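Below are two complexes that have chain A in common, paired first with chain B and then with chain C.
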Partner chain A sequence: MARPPTAASAAPIALSPWRAALRATPTLLRVGVAETVAYRVEFVIWMLTTTLPLIMLGLWTSVAAEAPFARFGQREFIAYYVAALIVRNLTGSWVVWQLNEEIRRGQLSFRLLRPVHPFVTYAATHVSSVPLRSLVAIPFALILLVTSARDIIITDPVMLLILIAALLGAWLLTFFVLIMIGSAALFMDKSVAVFDAYLGVFAVLSGYLVPLALLPGWARAIAGWAPFRYMLAFPVELAIGFYDSRAAALRDLALQWAWVAVVIGLALAVWRAGIRRYEAFGS
Partner chain B sequence: MNRALRYAGLLGVQVRASAVTSMQYRIDFVVEGAISLYWLAWNLVPLLILYGQRDTVAGWDFPSALVVIAWFTVLRGVLDGAINPSLVGVVEKIRTGEFDYLLLKPADAQFLVSTVKFEPWKVLDIVGGLGLAVAAFVMLGRAPPLADVGLALVLLLAGALVLYSLWILIISASFWVIRLDNLVYLFMAVFDAARWPIAVFRGFWRVLFTLVIPLALMTSFPAMAILGTLEGKTALAGVGGALVFAAVARALWRAAIRNYTSASS
Partner chain C sequence: MRAALRSIFKRTYETVRAVGGVSFRIDRGERVGFLGPNGAGKTTTLKVLSGLLHPTSGSVVVNGFEPRRREAAFLKGITLVMGQKNQLIWDLPAAETYALNRALFDVPRADFDATMRELADLLDLENLSTKPSRQLSLGERMKCELAAALLHRPSTLFLDEPTIGLDVSMQVAIREFIRSYNQRYEATVLLTSHYMQDVTALCPRVIVIDKGQLIYDGDLRALVRKMHPSKLVSFTLSGPIAPDQLERMGEVVSSEGGRVVLRVPQNRLRDVVSHSLAALPLVDLSIEDPPVEDIMRQLFRRDAGPGGEDHESAAGGPLG
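Coming up: the complex of A and B.
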């Protein structure tokens, strides 16, 4: 006679949220990589749209060919913009569009049903695009290495470790700022317009458009305080040896990670407030 | 003649429909205005930085470079107001098969596709761009002769025609290769380079932006025309090139339509 299933075997195994996330991560990453490979042409075209550093590179190198600009010669400009291109490629994120689309179409509901926090599933999609992104970034890194910029790239192992931590920080900062802006779609229709405006501020204050050292004094002061430079200029300047002491680099690294903590907190707050509305709205 | 009148009438209907839709969102007028002003200001940042330390770059002084940015802003307004809104949805329609209904209508499909939607508020961008141009000429301390203004407008039209033809080419290609809509974003990213006078780019970039993707024709040539520094030969070549480009795009579109077998078959 078949025994009735015991409570222990019938009930789903309740995992703590952290363990659930940890257990799901390898699968999420595998799915993410498969997705990126499946849409590879689209993916490469998206990556190619990051042309701004190359255009600026063309512009500034011909300006610097007439005479060096501030302390930037052609060599510094090449190193700066190629490094900016690489950092932007490795830390890029499209989570604003993803969130917008899913909120508009109601697909967010499916994501909310999963036992893993949506931040984790979004992050997994983005992290799993990094290997393919690196494939595009590596040739540029090589160009940087073999051109005349070779002698300004850092080689100090401690500085390289700081650089890796800074890249990770830049990735987290970018991702969570964009999560925050994307979550605004839970409150308003025009969150993409907010994102556009954000991109304008980002381009100037992060050193994406022009090296921060070239900004006028007051703008440089604002850029020094704002979080944007930690998304791009900080790792770029580290990589091409603009920091002459480890202490200064470590101090900025600490500031960067402080910003990471603040932004994660803010993103969670906006998200929670928005999700409460979303549930009320959907039912 | 009859045909031209009929299409002019159709265009009127489509524009009116778009205008009526936009009137429903009057608050957008303020929002769009604020956004245009914001971008106008940000667009000037690199220019101000560059000319903060230099009097001329590659032979262009500040007011002349400002004219190029003015032209860039105007063209951007035309693109966002009259070209992009209609064409952005076409690729999706081809993918889903909705495009069939459009083909059934008794008018030229390319015309219909290109006039579905206008965004009248983008006129603000054009006004902003013209404002910049006026500011530049105040700085120069002279007014451009009327003939030069006329030539600049003709070249602006040629530039818009090239932009439009590029779009048609991308759409035609998407009849064969399905997902190409992000090529448009790629193009918009490259179009950004058009805010600089072509002379500041050298070597590879100059060739790319003059011959392959004719950004020079779109902003630098009209700016040079209004400044009175453009040679007649270059202007003629520009307009001729734009016409050839448009003809090629039209031919490819027709070939693509003939090949079209709907999404499900």
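Coming up: the complex of A and C.
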């Protein structure tokens, strides 16, 4: 068709995709926060529905009141489940629903027409919900500090740094697994069904339902190999002092980030294959 | 019910060729109308051109790029406006979508401010950008959609039904805007619309497709002439004339109370008009093309395939 644009005076200066994404990030985050704030009430209600750890906490502490369970006494159960609630709160996202909806209604087209990869724009939306999520997490963090749990949570600065890296890893791992499931909607009518199945497996193998140490041996073996524990149990166990040495913590951190790389690769593969089939529904 | 049960176990898929054998070239600065009945493949073609759909075969080049690769430089040079879809963030003011697009398209602040001023002026955006998008009327929203789609000043515009659902004055405003954008930036415009007025007012050239096939590409007026090699000559008479005088001039479409409409073949038009001016007691006289809607109706009917109702097709020669 026409020759390359010359009249477009907002001239495309050739930037690498990553630099372009980086330059757009502050605005993406600001608009993301504005969006989260616009939906603040729904958002807080949605977050408060993730109270499964509190139910489990109630159950297990009454069991542990009689006698400790493996290395778990009441103090450990409180620390574990409150930390699990905080980690889940900070790392969970609704990107599967978002992708399903945008693919089904053809709204994904607008993301595809913008010169920054949709993964970046989705990530920005979900990162920008973290500040509001933190507001919900803070009261729970206080529980850790005022109950006996404070005796076991980590204070070593190096371990705290590892914990921050582990939380970031858990966020990325969760986000890209969900992106992968969401992108499956490019192949099937609704991949939300896959997500429901995934949640079941995740609840058991990530330590969300029950600490992994309390699972039967065979299930513990599976959980040890699968990526799910790096989304939740790993940062939780780190935070509540279950790691005896920095070396052991660093080894698991390396494994976690290896999983992050694998899952990003898989998510990109599913996405690329799916986008060729995208039908951009609706006129 | 039985079909529903069967589809649980065995789904049959049918491959439908949406568009095939459509070839055209558009030069910079052209305004082209893309016409065809519902389901003809217009929107599909626009989606292929903007890189959303991956064609299974054939080649597409837009501004020197292969659209399906969606390279950043390609995306910065085009825009796709879909009249039935919103890119505006529903619960935030349009200004937030503008800010987002400014960042994503990496438009320098000064250029952005200048473009926004121009767009606000052309589209009369005053006060619209600060209201949440959900509170805007359909017409207001379309103005903001256009601003959001054009603030990176693309040189190629794919407009799919940009005036759908709008009232007549808003349609005219959008049309005027598209024309001035095209002229100001020498932008290429490919437009689909169900409102023939959009096409006749904006597009000297039309591409007509039906069932995914290209059936005409060229000048809109030439198409009209080809399909209907006659014009409508209307005049008002100030006094009576002999009835056979009218019949000698052309086919009488109507004649009531001094108001006469004749259908006159192109090759006799000059003679008929000069005769009328010289010999008839005229109050006024006008020459018109038959309405484009009629032409289109006729065009798609003749293309209905073998055995289709093409009794009117004798009016035009072969197209293509």
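One rule holds for everything that comes next: the second predicted complex is superposed on the first by the 263 of 283 C-alpha atoms of A that agree within 3 Å, B and C clash if a C-alpha of one lies under 4 Å from a C-alpha of the other, contacts with A are read in each partner's own complex, and residues count from 1 in each chain.
Please note the rule applied: a residue touches a chain if its C-beta (ideal position, glycine included) is under 8 Å from a C-beta of that chain, and two chains touch if they have at least 3 such contacts.
No experiment lies behind these values; they were computed from the predicted model shown.
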On the A-aligned overlay, A:Ala247 touches which partner chain: chain B = first, chain C = second, or both, or neither? neither
Between chain B (first) and chain C (second), which, if any, makes contact with A:Gly58: first, second, both or neither? first
In the overlaid three-chain picture, which partner chain does A:Ala193 touch, first (chain B) or second (chain C), both, or neither? first
Looking at the overlay, what does A:Thr121 touch: chain B (first), chain C (second), both, or neither? second
Go through the superposed model and pick first if A:Ser109 touches only chain B, second if only chain C, both, or neither. second
Once chain A of both complexes is superposed, is A:Phe69 in touch with chain B (first), chain C (second), both, or neither? first
Applying the document's definition of touching, compare chain B and chain C: which contacts more of chain A? C
Touching partner for A:Trp46 - first (chain B), second (chain C), both, neither: first
Let me check the overlay on chain A: which residues of chain A are in contact with chain B and also with chain C? 39
List the residues on chain A that touch chain C in their complex, please. 1-10, 12-15, 17, 20, 23-24, 26-28, 30-31, 34-35, 38-39, 106-107, 109-110, 112-116, 121, 275-276, 278-280, 282-283
In their complex, what parts of chain B are in touch with chain A? 31, 35, 38-39, 42, 45-46, 49-50, 52-54, 57-58, 179, 182-183, 185-186, 188-190, 192-193, 196, 200-202, 204-205
Okay, in this complex, where on chain A does chain B touch? 39, 41-42, 45-46, 48-52, 55-56, 58-59, 61-63, 65-66, 69-70, 190, 193, 196-197, 200, 203-204, 209-210, 214-216
Show me the residue ranges of chain C that touch chain A in the complex, using the header's touch definition. 25-30, 43, 47, 49-54, 61-64, 70, 72-73, 75-80, 82-85, 87, 89, 91-92, 96, 99-108, 111-112, 115, 151-156, 160-161, 185-188
